[in-house]
Each structure stands twice: as C-alpha cells, then as structure tokens.
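Each of the next two complexes has subunit A plus one other chain: subunit B in the first, subunit C in the second.
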Partner chain A sequence: MYWEVAKRGFRRYSTYRAATVAGVVTNSVFAFIRAYILIAIFRQRAHIGGFDVRDALTYTFVSQGFLMPMAMFGWYDIEQRVRTGDIVSDLYRPVDFQGYWFALDGGRALYQAMARGVPPVLVGAVFFSLRAPPVAALPVFAVSCVLGLAVSFALRFLTNLLSFWIIDVRGPAQVLVMVELFLGGVVLPIALFPRTLEVLARALPFASIAQLPLEVYLGKHPGVDALTTLAVQAAWAAALLLAGRAVLGAVMRKLAVQGG
Partner chain B sequence: MTQELIQLRDVTKTFTVARKAGRVRRRFEQVHAVDHISFTVAQGTMVGYIGPNGAGKSTTIKMLTGILVPTSGQVRVAGLEPSRNRVELARRIGVVFGQRTQLWWDLPLRDSFDLLRSIYRVPGARHARNMAAFTELLDLAPFLDVPVRQLSLGQRMRGELTAALLHDPDIVYLDEPTIGLDVVSKAQVRDFLTGINRERGTTVLLTTHDLSDIERLCRRILIIDLGHVIYDGDLPTIRRRFGDERTLVVDLEEAGPPIDVPGAVVDRVEGSRQWLRFHGHQLSASELVARVAERVRLVDLAVEETDIEDVVRRIYLTGRS
Partner chain C sequence: MVETLAVYRRLIGARIRSQYQYRASFALFSVGQFLTTFVDFLALLVVFTHVRQLAGWSVWQVAFLYGLSGVAFSLADVFVSQVEYLPDHVKGGTFDHFLVRPRGALFQLCAEEFELRRLGKLVEGGLVLALACGRVGVHWTAARIIVTAVSAMSGAVIFGSVWVVGAACNFWLIDAREVVNSFTYGGNFLTQYPLPIYGVVLRRILAFVVPLAFVSFFPALYVLGKHDPFTSLGFVRFLSPLVAGATLVVARLAWNAGVRHYRSTGS
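Right after this comes the complex of A and B.
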C-alpha cells in the first residue's frame, strides 16, 4: 500500500518536466558560485576543519543536489490541504496519516534525487575533480540519505500541522528553511564553522538532513563511526516522527471537538 | 426485517465560539449545531437530508463519519460507534463533500482511483469490475487521464462519486453532490445514484439544496432546522400535508369582484384575472371549474400545483415560527 502511495508521489512530480530542467540549471549555477567562493577561501588555508579544497568542492555540488530531495526550500503540501479543508478526506481514510504522507514524500524525494540530485553532481564532475565516495561507504550513504529524509519529513510534517492552529504557517516554515540551510550545513559545511557553532549545529537535528549524509559520502565516517552517525540520525528521526504523531493526536482531538 | 444501518439517539453537538465583546474581551457562546436529534435509516434506503443553511446537516454527516464527536447522545453506524472506530468504519462508508475534494490534485483521475484501491485494499479484479462499470455509467473515459486540477466541476464531481464508491461501501454520505452542476450532469449523477442504490443496495444519505434531487431520488425526507428534526416522512405525505393547496387561475370576460364560490378563496385579483386557492383532496379541479362557470363567464383557465420548493419553504417558515 505505502509502496503504491510512494509511486504516486514520484509520478506527481515527474509531470513537471520544464520546472525540473529549469531547477537543475539554477542549482548548478549556484553550485558554481559557491564553488568559486570556497576555492578562494581554500587559497588562504589548505585545510579547514578536516576539509581540503577537493572535499569542499565535492561537498558543494552534492549538497546542491540535496536541496530538492530534502525539500529544503519549503514544503506546504499538507498545509494547502488544511487551508482548503480537503485534509478532512485524508483523515478519515483507513490508513495511517503520517505513514501515508511519508510514503508520498518518499516518492517525491526519490524522483527529485534522480532528476534534481544527480545532475548537479555530474555537472560539477565535468568541471572540477570531485571526490568519489569510497565504495564501502555507499550502502551507509544510502541509509543515511533515507534517515536524512525521515528527519526532514518529520520537521516539515510538524510545521505543516501547525496550520490547524495558526492561519499562516509560512512564517514558521520560512524559519525552518533558513535554519535548515544554515545549521544543516548547506550554505557552508558545518565542519568549516567556528568551533562553538559547530558543536551547536551538531547537537541539533538539522545536521542529520544533509551534513551527516554528505560527510559519509566524503568518507569522513569510516568503520564504527558510520554506525554512530546512522544511530544519531535514526534517533532524531524517531523522536521527531513521534512528536509528529503526538501533534497529530492533538489535531484529531481538536477536530473531533471543534470541527474542521 | 430491515436492518437499521444508521441510528442517532438524542444526539447533540455544541460548538463553543468566541465572539468579540469590546476591544480585548471575548465572550464565549454556545452554538447548538445539532440539538437532540434522533432518527434511524434502514439499510438500502435513500434518504434526503434537507434544511436551510446552517441547519446542522454537514455537522450531522461529520458525526456519522466519526470526524466529529457528539457532545451528547449516541451515534451508531453499521453497529459501530463512529468516533471510536473511525478507521474501521471508513472501509464501509463513502463520503462526498461537494465543496471539497478527495482526489489528488496533480494526478490524473485514474491515479487517484488506483491509489484509493490500495488504500482500501480492494482486490484487483473487483476494482477492475467497478472501474469498468463506473466509467460506463458516469462517462469517465474522456478525462480519466487528465490531472484533476484541469477537470471541469461536473467532471470532477463524477470523479468524486466514483472515488466514494469504488470500495463498495455499505453507506454513502453525499453532502451537496450536485452543487454547481448543469442539468445534464445532474441527471447523470441522479441516474447513477439510483442505479447504485438499486443494484448494490447501497444506503444513501443525501444533502442538497436542489429539491428536485430529492424528488427524483428519495422516498423519505428528513427536514432539519436549527438542529432539530422538523419533518420526517415520505414526499407524497409531505405534499398532502403542506403542499396540497392548488390554485385555479381564471381569466374572466370582464373584470369583476372576487368570485364567491364554496370550497375556494380568492387570493389575488388583477383586472379580469383571479387566483382561487383550494384544497386538492376536498375539491377536484373540475368540480371547482364547474362551480365557477355557473357564476361567471370564463375565457381561459389553468391549475397550478404548489411545487416542492414552495412546500419546503412553508415548512422551513413554520419550523422557525
């Protein structure tokens, strides 16, 4: 069942081809801008926070590929259905509401990973010598991406559910976007942050979305370290998904008493 | 014995709404959307659930689906308590809220149906059979591959009906399913519903402001207003009770005073035309015409029935007074 749902999520996005092409171009252009800034920085120092220039360039292009699959520019699918009231029909289906949306989002993410995630990396590989991930790290990277998606979804699920209480969730959702982009290490790898900021960023769930999978990709978490990384991500995903369920319970109680 | 599929006993739903009173202060008011309603619906019947705006129709339907919990009273649908067994019940009911959509906006109509198939776990063969039947009955073929957002209202509504019925529910709640439809689409939707009810024995609870829907579809109607049931019965009875009055319109050779004839009262006089109101079961139209002809010279005449809209308007008015 969830597989079928995921397939529709995939299909749904694959209908917007022109938008996909335009998006790939934009993502790649931004990757180049970020790449040249980083090259300039690494002219001053060859190593920052364990990264060399090649790490940083690889990080840039791959992270650019994470933007859309992880929906880091905002996602309002549930909010829209709340606003129109159509959400009520989703709520009385004989399925788990959160599981249903996660499956739908999984399909979307898979489509965007293929259409929007891979191309910037290929483009980058043509112009720069990017680092290829260690073969041993690939399975860990795959799991790490899925867990990253779970964390990203759980956060978006929570902010979207806010729309049952407040009229306009775009405010909180925009804050989430900014925080994710910055503390999630997309603007700049967390590894390049000042020490205290890095500690803070690592203590928060946002690093699980892109930073940790990217570090795995770069081979920064070999051996047992990989498992610890995955465990951190899994813990955040579980905690945030459970929080989402709790809020969903509150939504159902509110609807049952106050009406939609 | 017919089984009572839907049972409401003394059901009340009260909303608390905040009203502004002064700058900061808010007063809390209780709105009794549904106020001590009791009724039952037998399996396989089609019931028209009507009433003026704000009467409590949608609120009742929401309680029947289990989305809303009644403030007091008891609701039973197919032997289940909806709010407690919402998910279990969901497999057995279908819902169309005419103003909402349950379809997936960006997906072709067909994909929405496929998704519903997996959500309701309908076996493949049955799904295919239902799809074929509905495609034929509702003429879905021309737009099955069109994304829902591009469908016209009539097309979308046919999609909504299909979506509500694909999993063979025992009961469908239709909240204004013909809203905004043209006459052709309305007729198609009505024929479809009649067919479903006849062939599958589906119980239908229908809310609408278009009373011709009710006339065509429902033997029984329930009228509610201000949260109360004000009428529960069949259509012929309601006509007899409230709509039995007929009007004889006569054109006379020359204008004159209101005709004095036993069994009828003159409602209106306009030049040489007069309107005589009479009770259909006390006096036949031909008898009245004969009596009138004895007294004055007639040029033309016509008998007007009170239409169902008038009947219901009168019931709404008496219910409120």
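Right after this comes the complex of A and C.
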C-alpha cells in the first residue's frame, strides 16, 4: 500500500521535464560559484578541518544535489491542504496519516535524487577533479541518505502541522529553512566552521540531513565510525518522527473538540 | 508620468495594507527574508577566519562588495522581481487582464505582486554596506559617496533588467523560470566576491554578456582605490550607469517582443 503511494509521489514529480533541466542548471551554477570561493580559500590553506580542496569541491557539488531530494527550500504540501480544508479527507482515510505522507515524500525524494541529485555531480566532475566515494562506503551512504530524508521529513511534518494553530506557517518555515541550510552545512561545510559553531551545528538535527551523508560519501567515517554516524541519524529520525506523532495526536483532539 | 506614479502608489498601497493585516506573519516573513541573505554574510565571515585576504581583498573590502550587491539586488527584488510570476499569469490566462487595462502590462505585473516583506533583504544589505563603509578605511570624499550611491542604483537597474529579460523568455518557453534564478539570485551571490577568484570563461560572461561585473566589482575598484587586474582603462570603473542604461534598453526590447509574440489561450 505504502509502495503504491510512493510510486504516485514519484510519478507526480516526473511530469515536469523542462523544469527539471532548468533546476539542474541553476543548482550547478550555484555549485560553480561556491567552488570558486572554496578554491580561493584552499589556495592559501591546504587543509581545513580535515578537508582538502578536492573534498571541498566534491562536497559542494554533491550538497547541491541534496537540496531538492531533501526539500531543503521548504515544503508546504500538508499546509496547503490544511488551508483549503482538504486535510479532513486525508485524516479520515484508513491509513496512518504520517506513514502516508512519508511514503509520498519518499517517492518524490527518489525521483528528485535521480533527476536533481545526480546531474550536478556529473556536471562538476566534468569541470573539476572530484573525489569518488569509496566502494565500501556506498551501502552506508545509501542508508545515511534514507535516514537523512527521515529527519528532513520529520522536521517538515512538524512545521506543516503548525498550520493547525497559526494562519501562515510560511514565515516560520522560511526561518527554519535558512537555519537548516546554514547549520546543515549547505551554505558552507560544517568542517570549515569555527570550533564552537561546529560543535553547535553537530549537536543539532540539521547536520543529519546533508552534512553526515556527505561526510560518509567522502569516506570520512570509515569502519565503526560509520555505525556511530548512522546511529546519530537514526536517533534524530526516531525522536522527531515520534514528536510528529505526538503533535498529530494533539491536532486530532483539537479537531474533535471543534466537532470536525 | 505623474499620473502613473499616483496609480502605482494606490496599487501598492492596497497591497501593503492587505499584507499588513497579518502582523505576526508579516514580521516573521521579513525576518525570513533578512536571513536568506544574512547566511551568506555569515559564510563570508567564516571564510575569513581561514584566510586574511581573498584575491588581495580584505574582509571588509569583500563585505563592501557584498553590501553593494545586496542593496542593488534587493532594490530590484522589491520593485521588479514580481515579473517572476509571469508564467502563472500566462498559464492561468490572467495575463489578458493586464493587456486590456490602460497601463503597461509590466507596470501592472510589478504593482500587483508587490510584497513589502522583501524589504527585509534591503535592510540586511544596507546594514552590511554601512558597516563595511565604516571599516574599509578609505577617506570618504564626495566622489566616493556619489559613486557608491550611483552604482547601487545602476546595479538595481542591471538586476531588474536581467529579471525582465528572464521573464520575457517565458513568453516562448514555459517552465524555464528556474534558469533565470541562476542569473538573479546566482548573480547576487556571485557579485558578493571579487571577480578575480572566478575562472576566465565565467569572468568574460560577467563582463560582456550578462554584465554583473558592473554591479559591484568595477565601482568598488574606484571607491576602495584598488588596482584593476584586468584592464588599464581607468574609465571602466565608472561605466556602471551606462551599462545599466544599455541593459534597460535590452530588457525593454525583449519584453516588447515577448508581449507581441504572446497569443492568448483563445478559450
């Protein structure tokens, strides 16, 4: 059942081909600009925070590929249905509400990982010497991406549910988006942050979305370290998904009180 | 002209009043806009914890580029970026409304989608520019102040023209709107850093094709008294207003061609 829902999510997004190409161009352009800034820095310093210039360039192009699959610019699918009232029919369906949306989001993410995630990396590899992930790290990377999506989805689910209480969640959501982009290491790798900022960023769930999978991709977490990384991501995913369920429970009680 | 301005004031006045009804939402949106570009400034500061200079530019000199680009970009963002909504109006058939009313379609589009919260970005750019001006350590002569102010306006015109040309492309290509983001949002990001750090192909494009180099880099050479690494022609650093005028002409031609090409859905 959830598989069917996921397939629907996949298909819904695969209809817009021209927009996909346009998006890949834009992500690549941004990656290029970031790449030049990083090259200028690494020309003066060979190593920063365990990164060399090749790590940093690889990181930049792969992280641009994470933006769309992880919906890092914001996602308002549930909020729209709350605003229009269609949400009522979603809540009456005989499936788990959170599970339904997660399956739908999984389909979307899989499509975007293929259409928007891989191409910027290929473009980058044409112009710069990028690092290929160690073969041993690939299965860990795949699991890490799925867990990253779970954390990303759980956070978006929570912000969308806020729309049951406040009229316009887009303002708070945009603030969250920017915090996520910065502390999640998309604007600049967390490895380049000053010490205290890096510690803060690593203590928050945002690092689990892109930074940790990217570090696995670069082979920064070999052996047992990989399991620790996955455990951190899994813990955040579980905690935030459960928080989402708790808030959903509150929503259901609130709606019942209002006679919906 | 005066009458058109009066119409504009009424139209955006109505928009502002309606948006201001939800005050908390409006405030948070403005904060969001502020943060959108502020994270780039934080990144810039982080970069300079690792290096003292970037292509010979100090942190406050780069911050000056950042601020100048930010003010220019956000002025265009406040007044012109609404053209981004053109594809929605073309697809929804509402573009025809603009054509039957007695004012230019571009003018109406920009007025109808006006959003005051975009000012959050202008505030951010302005603060960084003011901060950088105080810290770059140049003697602020009248000429320097004038060049800074004029290039902020020229930059706004350049960004606005890029937006209009990009939107005009939508009369031919539906769904390509995200490519325009490379030149607008991407252009803003790019002009925050000194030109010499970029590859030679990108630099030529920025100087001659989409002239974003004139938004911040060339004027900053004059204001900060820096040596031009590309040309010994001293007048290049004062060309921004002329370049802005040229982009405006191109934008006008592109838009008019687009409107002429436009055929309604016919239903």
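As a working rule, the second predicted complex is superposed on the first by the 258 of 260 C-alpha atoms of A that agree within 3 Å, B and C clash if a C-alpha of one lies under 4 Å from a C-alpha of the other, contacts with A are read in each partner's own complex, and residues count from 1 in each chain.
Everything below uses one rule, namely that contacts are C-beta pairs under 8 Å (C-beta built on N, C-alpha and C of every residue); 3 or more make two chains touch, one makes a residue touch a chain.
These numbers come from a predicted model, not from an experiment.
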Subunit B and subunit C placed together on subunit A: clash or fit? fit
Going by the contact rule set out at the top, does A:254 touch subunit B (first), subunit C (second), both, or neither? neither
Across subunit A, the partner (subunit B or subunit C) reaching more residues is C
Of the two partner chains, subunit B (first) and subunit C (second), which one does A:11 touch, if any: first, second, both, or neither? first
Regarding the shared-chain residue A:45, is it in contact with subunit B (first), subunit C (second), both, or neither? second
- Message: Touch test for A:29: subunit B only (first), subunit C only (second), both, or neither?
- Response: second
Quick note, subunit A centre (C-alpha) to subunit B and to subunit C: the enclosed angle in degrees to the nearest 10 is 90
Review point. What is the contact status of A:1 with respect to subunit B (first) and subunit C (second): first, second, both, or neither?
Key: first
When the two complexes are superposed, subunit B comes to within a least CA distance of subunit C, in Å, of 11
Where subunit B and subunit C land on the same part of subunit A: residues none
Residue positions on subunit A within touch of subunit B in the complex are 1, 4-5, 8, 11-12, 15, 84-86, 88-95, 100, 255-260
Residue positions on subunit B within touch of subunit A in the complex are 15-16, 59, 62, 65-69, 83, 86-88, 90-91, 95, 97, 99-102, 104, 106-107, 111, 114-115, 117-121, 147
Listed in rising order, subunit C residues that touch subunit A in their complex are 22, 24-29, 31-33, 35-36, 38-40, 42-43, 46-47, 49-51, 54-55, 173-179, 181-182, 186, 189-190, 193, 197-199, 202
In the complex, subunit A touches subunit C at residues 16, 18-19, 22-23, 25-26, 29-30, 32-33, 36-37, 39-41, 44-45, 48, 166-168, 170-172, 174-175, 177-179, 181-182, 187-188, 192-194, 197
